[in-house]
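Shared chain: subunit A. Partners: subunit B in the first complex, subunit C in the second.
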Partner chain A sequence: MSSRRYILWWVLPAAILFLVIILIPFITALTFSFRSFSFTSSVSTGQYIGVDNYRKLVFDNDFYNSFKVTFLYLVPAILLQGILGLGMALLISGAVRRARIIIPIMLLPTLLTPVVIGLIGVLTLNPDFGVIGQLLKRWGLVQGSVLGNASTALPAIIAVDTYQWTPFIAVILTAGLLALPKEPYEAAQVDGANPIQTFFRVTMPLLWPYFVVALLIRVIDAFRIFDIIWVMTRGGPGTATETVAVYAYRHTFRYWDFGYGSALIMVIFVFISILVEYLYKALQRWQAAQ
Partner chain B sequence: MAKITLQNVSKQYKGGEIQALKKINLEIEDGKFFCLLGPAGAGKTTTIKLIAGVEPVDGGKIYMDNQEITDLLPNQRDVAVAFETYALYPQRTVRENLAFPLRAPLRKKEWSEQQIQARVEEVAKLLGIDELLDRLPRQLSGGQRQRVALGRALVRKPKAYLFDEPIAHLDAKLRHRMRGELRRIQLELGITTVYTTPDQLEALSLADQMAILNEGKIEQVGSPTEIYQRPANIFVARFVGDPPMNILRSEVEGEEVNLFGLTKLTLPAQIRSRLAAAAIERSLMIGVRPRDIKLVSPSSEQALLRGHVKYVQVLGETSILTIVMDSHEVRVKMNTQDAPNRGEAVGLNFAVQDCHFFDPQTELRID
Partner chain C sequence: MSVNTQTFAPISSGRKAAFLSSRRLLTWLSYLLTALLVVLFLFPWLWVLSLGFKTRAEIMSPNIVWIWTPTLNNYIEVLINKGYWRLIINSLIVAVSAVALCIVIGVPTAYAFSRFPIPGKESWFYMILTFRMAPAVVLALPLYVLFARAKLLGTFGAPILAHCTFTLPFVIWLMRSFFDDIPKEIDAAAMTDGYSRWETFFYAVLPLVKSGIVAVALFSIIFSWNEFLYGLILTSDATRPVASQIPSLIRPHGTLWGEVCALATTASLPVAFLIFALQRQLVRGLSFGAIKG
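After this line comes the complex of A and B, so read on.
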């Protein structure tokens, strides 16, 4: 009995933390999502309204649009970051073996807060005094401001996001490369495999689990992308860069509709859970099929 | 088929911190089964890797059929390696793993697809893994993976096979069978084979020629019989043979030696003259194999030493006895049915011609 109580004391701090930081806010948001909690609505605040928030959401085209924008950002961003990260990892892993200091230096963009990264993006892309913005304007690639143009705002955000997160993927993959066993490479040498065969038969399969980890982290992260976008475009122009997180934020903290905002967040939460689960399984299957 | 020669070959790791091989010289004759025997860390795997060319040498030269191959790429050397750590391609089935050496770009035209399939199945059957051809390496047990690794070497008929402890992870029964199979395959094909093992019995039973490696140096090269019967030094004497040879320190007294102050033995004339030549006057190490010692009654005149039985280790038909006298221990191997009980007093007898003599300073054999 006493040993049980002893265990309880050890678990308690973590349990309290989990309760306060995760469980209570989650349950609060869940209950909010079934209530009218809008400072601008005629229905009195806090009143139970059943699934009205969810019903509204089903017919909310802007919400669907925000999913579309999220994927338009997420898919190219992650592909780009995966490819660049792999290239970077292959290039530097040899050097890292000798000089570990490369890793923290490389991670600098990832370590910066996204707000700062977003500001760097805004400043460099400014058509009047930004380094890149001026060039794009001079070469006639962009009319006026990059961020003010609906067709270039999202690519700009993808570029800034890639700047921040490619090193992160590169570091995970570098760690993977450095941890790979030597012998399969030696076997490939003796067997007479060429570099391309060695890459696809030895490196990629062995590196794949690291790729999956990096990818899943980035997918979850991508749904939460907010700061960079808020700083750079506030979801605009129009709704061109309004991702799900930005949309939910707008409803919750701009329109002060906590009820509807909570409902949005619940749907996003369920969606991410399913997506990640599915992706994880799919990636594993893909690996098994190879 | 090829003769492999290593000339003053050195290899260091960690920037010279570890001397894996110290100027070793080896001549591996064409078509022979050559065993590299040594304890863990002796440099066996390093030797294999240098011959295969997957790691560069730090000094010395390697020849194959008198042609220098020191700087050739692994695939230009035409060797097949079975790695101790298997080194299978993780995402390929057993069949594809076995077929890969035949499909590699270098040998693209040599084998047709049917020939490849036939050869893969032949080798798989030989190794008892034909049921596993469509599985992935991670679905196999350690022993099965090791057989695939061995198979990936055996599918080809290269100039030389390099096997790095290829059956170490198999269970005892299978290991016995594979040992026989490997010897049979090698005799049939007549391909030069370098085979490493930490197991002296394996080396003795397989090798035409063998070398004993220790801490990056070669202690002795010879046929199994030569090495067993005339070990070049105390290390080899104790490493080869199980249980290890008893090494007894004795004091030289004229024409005799005094063993532990308990008994005196007359030295053979030939040993005496060598002792004089080597200026060894005081101590001498005498080696006696456990099975060369006979137990006699402690009261018998034949008893050179007397002691009592401390342990009896029964190994089926034979038993290993540990006999203590004063502070010394001697091990004796004998038939279980004749073995005395623990605690019994016994006398030991052995013939001088069965003794090996070693210089206590250099630890080298004297004869």
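After this line comes the complex of A and C, so read on.
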């Protein structure tokens, strides 16, 4: 038996499953993106229309809006979570034994069902009986409903996202802090560096690969976020919280426009694959470094 | 030992005593802050949990009720009288079947990726990761069409296969990192003893990654349990998992918050339990095995 055929038997079942549930559906969506479907018109029954769906996309303001919303949510969320996560990591990495107990508790929001996290957001921010919503109302920071107001709905989602993901960043950075080599610190001591200099010149550069992995995962996640927004605002009010994934969902499963929805999906996928390439390289550097 | 203290500059002996006491103060401060963090992260969840044990009047009270007599009425109503215990069973059926299938199929593949010279190995891994990271909405539409044609919509087969789209890549990716940790000399030794490749895999290597398999399986169960979109669009009322049903219970007016919270609590307790079971593997699972925790 040749070694090639031998290898085939190991990977064949996974390859078949991958083909049936991932590759074939993906290619189906790709062909859909060049066809016209509409459940409201009897004319559009799946005939090929070339790149019309993509042309429509280029002139679709709502599509650009969904990217804008995604970035408006992503950038503040990541900055906030990066800073808070670093602070938390510095705090808990101080005591390894304590970190063991604290990490599972802290990660509860990250791993808890996102729908439940969204529910926590809806309830705590409720202006009539929510613990936080009531306070915001009493202090006059928000008139009426936080989630019903176009200017506060996205900040509310960023806040819930921060609640969910800061622990994740903190835990990854804690792993980084605990794995730091001793030598650079001894060298910094010899050179008489003060704590602030040591932090910015030694700790941060050594920690940087961990930041890169955590942030890339978060950036990719920003294009995935769906359930939390669906529970909290359904993309509203208006399109104020309609991120890329919510927008694609609206076109595929609300308007049942398979053709245009598929074109949207393809653009999102290209975006994700570029981001994943960076993530993949960052992960490889990681594994190589160990 | 600790990183915090590493960042302090050397101190002259004259300032040592003062430094030590300020250090003790810092330690206590860090304890206090850590405790505060734990409370901060647990509080919103616990508060929502508490609503499930309150009556409607207590929940809607404009002054938050902190002390009350807990009631199980919401749980009885939503789980038993409305029959939503089925949703929990559905979640369990979908998660366990998908994960079992992907472990059986994915673990040998991960071993092959770790040990054999597979052509284009890194490209395959890049592709696996891309599909793992793509939003569910990318595959949701074509899967819907595919399952409709195969008459799988409304059966458990649809959500189970759909969940394999993210479980299989995860199993292959993470198990490969566990296999990579096992020295290849172990395989070589087993094979000089006359084991075939399969025997080596089963009897020599697999026992060494047992805890890894358990971790990957539990993680996959969490992800599957938490999944929302596939569970919503590919299922019928009879096969819908609990996470996908919860949002439909939230209405613009007259939501039965107590019952929603009771259901959400029931749905999140298994996850909380699994997180504690996974303690040691949390970092690795969350960062795709890149950072060994």
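Following the convention adopted for this analysis, the second predicted complex is superposed on the first by the 260 of 290 C-alpha atoms of A that agree within 3 Å, B and C clash if a C-alpha of one lies under 4 Å from a C-alpha of the other, contacts with A are read in each partner's own complex, and residues count from 1 in each chain.
Just so we're on the same page, a residue touches a chain if its C-beta (ideal position, glycine included) is under 8 Å from a C-beta of that chain, and two chains touch if they have at least 3 such contacts.
Because the structure is predicted, anything quoted here is derived from the model rather than measured.
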Subunit B versus subunit C as contact partner of A:Phe199, first or second or both or neither: second
Touched partner set for A:Val171, first subunit B, second subunit C, both or neither: second
First, second, both or neither for A:Leu72, with subunit B first and subunit C second: neither
First, second, both or neither for A:Ala248, with subunit B first and subunit C second: second
First, second, both or neither for A:Asp191, with subunit B first and subunit C second: first
Which superposed partner A:Ile49 touches (first subunit B, second subunit C, both, neither): neither
Residue contacts with subunit A in the superposition, subunit B compared against subunit C: C
Which of subunit B and subunit C A:Pro181 touches, first, second, both or neither: first
Which of subunit B and subunit C A:Leu80 touches, first, second, both or neither: neither
Partner chain in contact with A:Val219 - subunit B first, subunit C second, else both or neither: neither
Residues of subunit A contacting subunit B in one complex and subunit C in the other: 189, 192-194, 287, 290
Contact set on subunit C toward subunit A in their complex: 1-10, 27, 30, 33-34, 37-38, 41-42, 44-45, 47-48, 51, 59-62, 64, 101, 105-106, 108-109, 111-113, 116, 118, 125-126, 129-131, 133-143, 145-146, 161-162, 164-165, 168, 172, 177, 180, 197, 222, 225-226, 228-229, 233, 243-244, 246-247, 250, 257, 260-261, 264, 267-268, 271-272, 274-276, 278-279, 282-283, 286-288, 290-293
Residue numbers on subunit A that touch subunit B, as the complex places them: 181, 183-184, 186-194, 197, 201-202, 204-206, 287-288, 290
Subunit C partner contacts - residues on subunit A that touch it in the complex: 3, 6-7, 10-11, 13-15, 17-18, 20-22, 24-26, 28-29, 32, 88, 90-96, 98, 100, 102-116, 118-120, 122-124, 128-129, 131, 134, 163, 167-168, 171-172, 174-178, 180, 182, 185, 189, 192-195, 198-199, 203, 210, 213-214, 217, 220, 223-224, 226-227, 230-231, 244-245, 248-249, 252-253, 258, 261-262, 265, 268-269, 272-273, 275-277, 279-280, 282-283, 286-287, 290
In the complex, subunit B residues that touch subunit A: 49, 52-55, 73-75, 79-81, 83, 85-92, 100-101, 104-107, 136, 152
